[in-house]
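Both complexes shown next keep subunit A, but they swap its partner, so subunit B is in the first and subunit C is in the second.
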Partner chain A sequence: MNIVATESQPDLIKIYLLESKAEILKVIRSPGFTLPSLLFPVMFYLFFGVIFTMNAASMPTYLLATYGTFGVIGPALFSFGVGIAIERGQGWFELKEVSPMPASAYILGRVAVTFLFSVFTIILLFTIGAIFGEVRLQREQWLLLAVILTFGSIPFCAIGMALGLYLKSNSAPAVVNLLYLPMAFLSGLWVPINFFPELMQSVANFLPAYHLAQLGLKVVSMDSGQSVWLHIGILSLYLVVFSILALKAYTKKDKQ
Partner chain B sequence: MKIKIGVGILIVVCFFFLLPEPEHISVSKKTTSNDTFHQSLSELNSDFILRNINLYDGEKLHHQVDIRIEKSRVVIVGINVSNENNLFEVDGAGRTVIPGLIDSHTHTWGNALELALNFGVTTELDMFTMPDFSRQHQKLRERLDNDQQADLFSATILATAPGGHGTEYGFNIPVIESVEQVEDFVTARIADGADYIKAVYDAPENPRKHFPSISRDILKELIRTTHNKNKMLVVHVDNLVSAHQAIDAGADGIIHSFMDKVADDAFVKLMKRRNAFIIPTLLVEASMVGLKPGEFILNDSESADYLSRMQRQQISASFMDFGIEENAFQRALASVAKLSKAGVTILSGSDAPNPGTTHGASIHAEMMMLVDAGLTPEQALHSATGAVSQTFNIGLRGTLKVGAPASMVLLEGNPLENIEQTRNIRAVWKNGKFYARKKYLSEQDLSPAIKPQMISDFNSDEKNTAFGAGITPTTDQFAGGKSIVALNWERKADQPKDKYLRVVGEVKAGFAFPWSGFSFIPGEDFSSGANLSQIESLSFEAKGVKDMQTLSVLVFQEGSFQPSSLNIPLEKEWKTFTIEFSQLQGIDLSSITNISLVESGKVGEFEFMIDNLRFD
Partner chain C sequence: MNNLNMDKVGTERPGWSDLQLSSANSIKPGESNQSIDVRENQIVASVVDVSKHYGKNKALDKVSLNVHCGEVLSVLGPNGAGKTTLINILLGRLSAEHGTVSVMGNLPGELRTKRRCGAMLQVSGLPDMLTVKEHIELFQSYYVSPIAYTKVIDLAGLEEIQNRYSKNLSGGQKQRLLFALAICGNPDLLFLDEPSVGMDITARKSLWSAIAQLKNQGTSIILTTHYLEEADQLSDRVMMLNKGSIIQQGTPEEIKSRMRFKKISFTSEVPIQKLLSLSAIERVELAGNLYEIQTDKPVKALKQLFEMTDDISNLTVTGAALEDAFIQLNRSHETKSEESSDTSEVAN
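So, the complex of A and B:
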């Protein structure tokens, strides 16, 4: 990026940083979002992955990847889906639109929130997995799993953004939850997918969360053996389709 | 703020360096679900480490040890074995490794050695087969790459009297009528490649006579001559007095735990003093009195899938009624108990494929019978591993000592506590190579049998056939080769209504076994096999264009890429060919996926014509 900082040109990076900082501060100060996003996956993992585990040798590792997925898609869907819908309801979204800040800063600010929460969730989960679940992975595996999970939240940001732009502010939390929780279950994030009947297993193939979880499981050699490219392809497809939907919703809203 | 971000990233990085790693540096990190565990086992070939296992080396059990295999041989067994060369390794998670099993009494031909390996039997000691068969497999056993079948040791043709036991099977075998013939007989057997000599003996004192027998003098001469030539002599007996006389005459061991009497103290002492061994073959003894103790294997969840249809028939088969009362079998058990208590060497042998027994699977039942007779599970396991190694001259087979070829079996549980665990096979290695156990379809899974009928008269241009997925081109491009082919439906000059299939193509170098031609898929698709069990033969009319042109007929069965094949010579005139399926070796007709007629081997352009393809 060529930063030719003249007096008249604003420093983009600085805007991004400031907007991200403001967004993060806002989220941190609203514990109604922070605590559930962080605690839910961690609590679930502690219960089902570690304490009531069916197979102490493999379950904690398997569920580390799947609850990690659960943990990163939550903030993505809520920060974008619910966050945007509420800000639209409050008129705050319009205010930001007319401010000189570029729209990309608005999106990046929320991506920053999602990433921050993802990293926090991952750190918590990994700590519990390592200490209580006795999960032992190679350093590359730990890192790769964390990177896949963090960046894997991007398609869900797009999904969240489209939802946030379509949904009304009062219905958004309910709708997002209605999508988030069943999708998590059907994608095998709570219970390993191979415990499901065949039909449900094939349904999972259409869900983005399933494909992100499979990518994570591939790192620990516990995936169901499909190609990496299939998973990446489907996740990219979701990213593209929902980005287009979001753009459509955005321009439509402008015309009104 | 940038500093804050930097510090944050630093903390996260530090966190990742604090996360724990596995203790062993291994490529496959953890014992996971059974599927992935099995997957990682299949990657252990030639050079690898198996960690954290209980290992029975043929003599004793080592708790929680590692075994390192290099160049397909055992290099070290110990605790925390090092891995400087970064070999592939898997955590066995407390499972048990035993040496590949040895069946000390079989009759081996056909695909018996593959059937054996499918159940973890890595060595068979044959006790009568034709030298034409044994010779080729005895050569193979010297090779470390002989990893898709068990090793064979053989007595070749047994020594018996004219009309004696062994002559009833319809083979024209040499027999011994006089002491003078013994020297030549033994010399001929050793020339045939016999690793030891087997004789059949029935003492004149035995009141029940089934067959004529060689005389005691001939037996003595056989023992003397065999020992002079540094070979062992084992004797088939079916009664105590014959067993006593055989050992007394100097035989190294006896085969079959006789059922006429329980071994008396004199016999037990004699066995002990002469350091002789017995191969009781309890399973086949039970079968002779009409009992079927080995039949449970047919429904055993760990074994059933791995039995071929032929094996199932063998296990269910019965002897003709010999008129021996059922409780005579108890005497055989009692003798084994007495001999074992006295410390006489007992070896496991199945006598497969006699009625009630089959290669591979039956040795597991035999070990159970030995435990029933009073052996401990460890003694029973020893009788099929280390004890054979100590008795017969078979190298380190049956052990996992340093230098032994890594022929071994990974079991789920501990067979030294429960001998039934020997059937709980998780992996088989033959000479260091992971052996993919072959699974067979059960009767219920078969599709309905196809009736004899015309497959295609090629009179329509359609690639469709009367049944199945039709005719399709096939070349080695499928396997990465470069051969090409085109199928044309053409009219005959003299009979314009009658069309035939003209196959034109070129076999090109580029794959180890180049081929080109066409396939008929008898099933619904490429992967599901058709049930051809009611079909006896495939016939077709064919014509070539060159002298000395041959056509290969390849028949594939479900789950196998190894076809059974037959070459037929084409002529420049139309000629009808009939391929009897009975000519094809080792093919299970109940699930055939593909019948291909191809040019193979010879590189170059080719052309052949086919008409009226049918099943009869």
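So, the complex of A and C:
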């Protein structure tokens, strides 16, 4: 027992790997939660994008990008928003907080889960689109769309994190749903945005899900024609603002 | 319950006699070797003049304390006394309004401070679908030189449930897992917040022996508990908090010896006024027809009692358990601070 401070560090990479592994194992072992949240967007796409499609030529391709967006932001909002709120309610988050776990490891673990969900959703959607919806894209387009959707979930991780740190565990699922579903609709993830009245279309400009969907639609040349940088800019703004809010909540002392 | 405590306190303290030597009151120049002296003088955590309010409520009022290397300090007190506030300030979860706090020579809550501490907090649930082993290995990775996995399992008594999901653990098993997570990093300073809640007596005893082992290795431990027997068995020093102030501190023996009273209890229909007139009786409490009398002259009090009436049944006489000392010291503190006197109390 040496009282003299030893400034040696534990192996950060090992912590990141173990933390991510633990988070992933937690979700894989709870199929009752995992399967419905994976299948929800896929089933929607199958019904509205492929089977009951209004325009078989363009709709499956258009909705592939928007349901892909819908499919990746759900896990981000729920893994962070609801997951953190529940662990806070249990006192488990506090235990992690007083342990020497680096905060970055906690975030990385949940990002890993979100990415895993995203990749699975994307693979399922792409398969259905290609086989049943006869979506025909270049290999680069498939790849670019997958990359945009996967990394596009990051701003939503930040939003989820802030929500998880502010919300109470019993109200978190309801509040997150209340933000997630209307945002998805108003951003044109279920019904193409140009079916909406003008006013609603301009409201969509404030929503991050709209901008991620537009980035995806740009890959298949079906976006509404705004600049890529506008979309990236707004998504980055959401990322920064909500990261700051989360950081503020996290570093705030004297929380209940 | 009290009677049970009494036996334990008086007679059986296996393995503890050697530990008592290292408590502050028994340092004799020839006896203790020098390295132990050096360690004991080291302060691992210090709180100086710290206050904390919640709104108008005073949770801590200018509290000061030092935690020495290798000691077990128990913090006792009723709910709302400020125990949790004090622990949270030492963990860096709450800020002190006034005064200074240092842990391991650093600020509480800094990463380098946390790497040398372990904490067992009251947690109502832990992630369901991880096994005991996975939980422990993850927490071990946070520390520079953790205790070997098998040793952690052994200390916490988790051999048989290593591969069980935390979802399927009983309340006592969860507590043992939380204890394992607190100690797995080989901390210099260990916080245990009500560690034995929900444990059966066997589990509690093995927890106590694990705590004793860690203490022997030089780990300093801050313990809060509602079980006074636990504080009595484990502590080098006991600190009693009430309404945000330290009202007593000392070794368990010192605190018990400050209580000179015996407690006589019995059931009787005799009116309270008659008892109040007896000179050997210090204090009388009546609940239904159950009397509790405090006296420093038990023989005389019993004699006076029997001379007065035959209507006495269920008679017991008990001495000072830490619990009695605690209740009494707590009460005298409250009467002092509120300057209100109980009608049934008689100044002697």
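FYI, the second predicted complex is superposed on the first by the 242 of 256 C-alpha atoms of A that agree within 3 Å, B and C clash if a C-alpha of one lies under 4 Å from a C-alpha of the other, contacts with A are read in each partner's own complex, and residues count from 1 in each chain.
Everything that follows uses one rule, which is that a contact is a pair of C-beta atoms (placed from the backbone, for glycine too) under 8 Å apart; a residue touches a chain by one contact, two chains touch by 3 or more.
Since the model is a prediction, treat every value here as computed from it, not as a measurement.
K.L.:
Could you look at A:170 and tell me whether it touches subunit B, subunit C, both or neither (first, second, both, neither)?
P.N.:
Touch status of A:170: no partner.
K.L.:
Applying the document's definition of touch, where does A:138 land relative to subunit B and subunit C: first, second, both, or neither?
P.N.:
A:138 contacts subunit B only, not subunit C.
K.L.:
Look at A:123 in the shared chain and tell me whether it touches subunit B only, subunit C only, both, or neither; answer first, second, both or neither.
P.N.:
So A:123 only meets subunit B here.
K.L.:
According to the contact criterion defined above, which of subunit B and subunit C contacts more residues of subunit A?
P.N.:
Higher number of touched subunit A residues: C.
K.L.:
Does the superposition put A:15 against subunit B (first), subunit C (second), both, or neither?
P.N.:
So A:15 only meets subunit C here.
K.L.:
Using the touch definition from the top, say if A:222 reaches subunit B (first), subunit C (second), both or neither.
P.N.:
first
K.L.:
A:94 in the overlay: touching subunit B, subunit C, both, or neither? Say first, second, both or neither.
P.N.:
Only subunit C; A:94 stays clear of subunit B.
K.L.:
Per the contact definition in the header, classify A:25: touching subunit B only (first), subunit C only (second), both, or neither.
P.N.:
Touch status of A:25: second partner only.
K.L.:
Can you list the residues of subunit A that touch subunit B in one structure and subunit C in the other?
P.N.:
In the superposed arrangement, which is not itself an observed complex, subunit A uses no residue for both subunit B and subunit C.
K.L.:
Please name which positions on subunit B make contact with subunit A in the complex.
P.N.:
1-2, 12, 15-17, 19-23, 28-33, 36, 40, 93
K.L.:
State the interface residues of subunit A toward subunit B in the complex, per the touch definition above.
P.N.:
The touching residues are 17, 21, 55, 57-58, 61-62, 119, 123, 126, 130, 135-139, 141-143, 146, 194, 220-222.
K.L.:
Which residues, counting only subunit A, touch subunit C once they are in their complex?
P.N.:
Residue positions touching the partner: 1, 3, 5-11, 14-15, 18-19, 22, 25-26, 29-30, 87, 89-92, 94-95, 97-102, 253-254.
K.L.:
In the complex of these two chains, what residues of subunit C are touching subunit A?
P.N.:
Against subunit A, the touching part of subunit C is residues 39, 42, 44, 69-70, 91-95, 104-106, 109, 111-112, 114-115, 117-119, 121-130, 134, 137-139, 141-144, 165, 178, 181, 185, 188, 191, 217-219.
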